[in-house]
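Reading through the structure tokens given below for one structure.
Chain nomenclature is as follows: A, B, C and D, assigned in order of appearance, with residue numbering initiated at 1 for each chain independently.
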Amino acid sequence: MNNTTTIPGIKKRFVPLKIFIVVLVFVGLGLFPFMSGNRFYISMINEMMIYGLLAMSLDVLLGYTGALSFMHNAYLGISAYVVGLFLIHISPASLWMACFAGIIFTSIVALPVGWVQVRTGGLAFALLTLAFGMMFHTIVWKWYDVTGGDDGLMGMPNPDITLFGWKLGSTGDPLAMYLFTLVIAAICFFLTRRIINSPFGAVLEAIRENEDRASFIGINVRRYKLLGWMLACLLAGISGALFILYKGYIGPSTMSAFAGAGVLMMVLLGGLGSLWGAFVGAAIFIYIQDYISTMTEHWEIFLGLVVIFLVLFLPTGFVGLGDHLKRFRKG
Amino acid sequence: MAELLYTENLCRRFGGVMATNKVCFSVNDHGLTSIIGPNGAGKTTFINIVTGKIPASSGKIFFKGNDITNKPTHDLVKMGICRTFQINSIFEDLSVFENLRIAKQAKNGGSLRIFSSKQSLRTVTEETWELLEHLGLKDLAIRPAKNLAYGDQRVLEVAIAMAGNPKILFLDEPTAGMSPTETKHISKLIKELSKKICVVLVEHDMDMIMSISDKITVLQYGSTIAEGTPEEIRNNQQVREAYLGKEE
Amino acid sequence: MKRFITVSLSLMIAVLLFAPQQVFAAKPVKIGVLVPLTGIVAQGGLEMKYGIEMAAEEKGTVLGRPIELIVEDTRVKPPVAVTKAEKLVYKDDCKALIGVFSSGVGLALSKNIDKLNVPFVSTHVMTTKFYGLHPLVFRSGQLANDQTAVGNVKGILARPDLKDRTYYVIVHDYSWGHDAGERFIALAKENGIKVYNDTYDKAPIKTKDWSSYISKIKASGADGVYMAFITNVIPAFAKQTSDFGLQGKVKLVSAAAPGPLELEAGGEACHGIFGASDWAWDVDNANSNDWEMRFWKKFNTIPSDAAVHSYVGAMNLFNAIEKAGSTDAKAIADALRGISFDGPYGNVRISAKDNCMRNSAVLTETMAAPENPFGAKVYMKVLKTFTADELGPPE
Amino acid sequence: MGGTIGIIVDISLNSLVLSGVFLIVAIGLNIIYGLSRIMNMGHGALYAVGAYTGYTLVATGFNYFVALVIAPIIVGGIGLLIERTIIAPMRKRSMVYTLILTYGLMFFLDGMIKYVWGNKPCFIDLPAFMQGTLSILGTQYPIFRLVTLFLIAGIMGGLMLFLNKTKVGLILRASSTIPEMVSCLGINMSYVHMGAFVLGCIMAAMAGIIAGPLTTIDPLMGSEMLISSFVVIVIGGLGSLRGAVLAALLIGFVQTLAEFFITDLAMVIVYVLMAVILAFMPRGILGEGKFE
């Protein structure tokens, strides 16, 4: 199947099988809302897709560039606030303009932060992301007249969604919002996969593998880490725009340190270094958190135990399970 | 033969210790220069300064006439100053093929392409295969670097440095931990290479040094105590004392 | 021995699986209860849950069908509350939502009420933004900020030792705190009560160490503090002010009634807190005393205003569903407008004009408790009762 | 009543007390990180467990100072149990996974606190002589807070003596700089890691009991203190004890002053300061690893 004499991409085995599965999943998700019609599951999967996109953006940073960010959800928050404020104050109908403004603003904020971040490495990088994240959280929480402080953004209109000229319905209607999220998430997923497999993606992986050696083969490590950071923040910005359109609300608690660690959990649950693993991790994490918290008041105890169990006994996460099993088979 | 690279009174101080003490070192655009000296003589520190891993305390380094002291590592590599490491520093989880491909890509450029596939960089992939063939690593191409035998990993270490088409290549104890046959293979390779580009070798294996070096510099306590052809160095009294200690 | 264990185990599982399913006479009416069971106000949330459970038990059935309460933890986080509300309405098919402790959560829920399309009765939200907010959104619980401000200002004016003090205003930094602070300052200025800082201090909710704020109060020379803090933080603030030796000199007036359990923890330091509230267990009438004993026997926690508000709110909701004769959202909402219930703190009527309750209230001051069945050491003594019209707002 | 001197005294004493509490919590975190490169996210929860244990001991009749000794021992035991069961197997794993494991530990401990002690805030009742206030330079300052300063100084002194003078202390200090060398000398490194974790938990518990009467003991005290202690050890330099002392003082003063003058933006200032220091001194003020 794989002829080493020709010039192959090494990971090209089982290509048709993988494409078939991905298309199957995409069509399945697409048809789901029409079949089941139960609004709770539609909005739950919608939320899973949004957080999956955010987890994927963190995986670009952690799984591919080897940089740990504690509060990647801060950039979801910034973009959501800008989109919300744009819709409330500037023009309530122009959905695409608002999303565009949100993402651009997030990137503008992420650039100087990224420039400072890449000057550090390892644990210092992670703790610096905590510092910046908490700074944004506190600013958003204190700037009462603009962001509504602890109550979050109030008075979000429900603009109409027009996708490639086709009017889906307003963001208030869960079905339209579901399809909008699905399409945007799919586009981001395929583009990110493309970028990860591009020469630029290869440089990120080299930096993850061995930052020192990377600079000794001529890679300007700081510049590429910054580009990786910007890509991750851009994707987080997109998930932020989707978040506020879907939920109609954004508050400081979504940008808190604990929500940040939650996103990190999703990536690890899904398995590092696999983009669609992040979506699986997000789905599992959201289900566990909601399911356990309805079961008992003391849901924190069980969530803690689940986390400890996963890290001790299932290090590579659910998607990573494959490699785990393969290794066993080899004996 | 124009001087490719030379240093003027290069110093590096760690607290009170002068790890590199006013070293004046120069190499031409090709040929094999070796740096030897007892452990702790400052050989690796010297290489670390020239290749930009650690900044120099004082003194200057010139490459093709222009001053490159304390320039960032990636710029030095782009200019053609590459090095290997004493302790293996390779991209473990990546395949051998990818290890060299990424080094080639970093050299030939194209890293900023975010939408084209890796294979679209034709020349990079072709040159990688040539290098693999040249070094006899072809059949290990798809295996992750960390699963290689230690000797092969050392060869890969040198290969990654060579992938950057260096003008000057610093080899920091490439044969450390290699079997005699592998050492012979690598020595032949290095000798062949030194015909085309300038190679600076840091080694403890005296037979290898004496057999393939064009010029030898001996370092002790951070400063140069002798310089010359293998013959001159073998008979040099000071060098013998530095290694064997003064006869009572 | 091993065989014995496996046999008994399988027996036990069999019994569990085929236990006689409780045969329902008719499908239960499901009501979604949204209260904070974790986070800073967990104790208040627990008491609210008890109040609603007690009401459901005493009401028994609605429209001839049993009442089924489905409780969800909002964690005092608006996004979580919205997700849980969606779950309650879409998945569990709840016909109405009740509860909610904080204004932030209440406002976020009201924003999504069109999507949810069920009536929502809040039993502890005090923000004045709830007046006429939405045809499906009601308040039947804690006094609103304007009513409390009126109660407190009237209380201060009636007391010579409080009238001429200058008050330092400090609030918890979220919408309820701001609203309570602004209302008091405006009303105090109208009635000539001296206020030290017009721009009130805003303290983060998670503040634990009040020393820097207390130093500011000491530096200001004010001899009174008007505080708008979440119920279970009040005793902590009182204790630290007494640590700094201010208990005798500075009078604490509170915009919200401190929780009884927290008062117990505060002990001696919590004496002398002055403030208006719907109810305290010192209220002496047959209905209130009887309710207190029932609550104490059932839950063995000191009856608190959070519990009684939720009890009354739940009763109003159940009676409205009964009156509407159906579980249709609009019918229940129409029935809720103008409905009233004679509870422990008198007649509580939901005004048809702005969907918010009108009821009498009491002016209280905390001091050492007399002999009481709950074993409480500190209690809120009732000084004066306000009628509903005195507190307004006019209809 | 206050007068400007009074305010200055108030502020400086308040910030000293705040710095002291930050210091003890941060030192515990730094010991664990300095010795076994583990960043314990559950440290805040252990601080809260210490406070609650102290509260229960005092409530059941023990004198406050006796509780100050017993509670850390209990929490140290809990720390030992945690270390043996879930931290030791993580020795060879990368830092990311230990971070997430201890994050789970934090959730677990917070949940257990709520389960065992319930939701209500608790107050430690102090022995008689410590209640009431002392008038210093025209302002009334609670006696207990002054006593806290001495307690903190005593604990720090004890720790320094323990590290510098005792044999175990010597081993701990040596293994923070060159772990491999210490294991070559025949010292079982797993005992060192165990010792470090337990010592860290003891410090957290002590900080909890001291901070108990200062602030309120409620289930959320752990998580808030965790973030502040992160700020302190990062600015001071990961693993460096002297750095933690400097950073605790700096953050204590900055936070108290900011809370006094610009109450709203107090916390923003602290995080901006952390970001600036980290940006230009990624290793913190005193650099990493110097474990004295």
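Quick notes on this structure:
Criterion: a contact is a pair of C-beta atoms (placed from the backbone, for glycine too) under 8 Å apart; a residue touches a chain by one contact, two chains touch by 3 or more.
If you're wondering where the values come from, they're calculated on a predicted model, not measured in any experiment.
Chains touching both subunit C and subunit D: A.
Chain centre most remote from that of subunit B: C (centre = mean of CA atoms). Rounded to whole angstrom, the centroid-to-centroid distance between subunit A and subunit B, based on C-alpha atoms, equals 42 Å. If each chain is reduced to the centroid of its CA atoms, subunit A and subunit D end up 34 Å from each other.
Computed centre separation for the pair subunit B/subunit D is 48 angstrom, with centres defined by C-alpha atoms. Look at where the CA atoms of subunit B average out and do the same for subunit C: the two points lie 74 Å apart. Contact with two or more other chains is made by residues 114, 264, 267 of subunit D. Residue positions 142, 297, 299-300 of subunit A each touch two or more of the other chains. Counting only residues that touch two or more partner chains, subunit C has 38, 173, 202, 204. Listed by label, the pairs of touching chains are A-B, A-C, A-D, C-D.
Those residues of subunit D whose C-beta lies close enough to touch subunit C in the complex are 1-2, 6-7, 10-11, 14, 17-18, 114, 118-123, 125, 131-133, 139-142, 144-145, 214-216, 218-221, 224, 256, 259-260, 263-264, 267.
Subunit A meets subunit C in the complex at residues 38-41, 43, 47, 141-142, 144, 148-152, 154-156, 172, 174, 247-251, 253-254, 290, 293-294, 297, 299-300. Per the touch definition, subunit D reaches subunit A in the complex via residues 39, 41, 86, 89-90, 93, 95-97, 99-101, 103-112, 114-115, 223, 227, 230-231, 234, 238, 264-265, 267-268, 271-272, 274-275, 278-279, 282-284.
Considering their complex, residues 37-38, 72-73, 75, 77-80, 82-84, 86-87, 90-91, 103-104, 107-108, 111-112, 114-115, 173-175, 178, 202, 204-205 of subunit C touch subunit A.
Within the complex formed with subunit D, the subunit A residues making contact are 62, 68, 116, 119-124, 126-128, 130-132, 134-135, 138-139, 142, 257-258, 261, 264-265, 268, 297-308, 310-312, 315.
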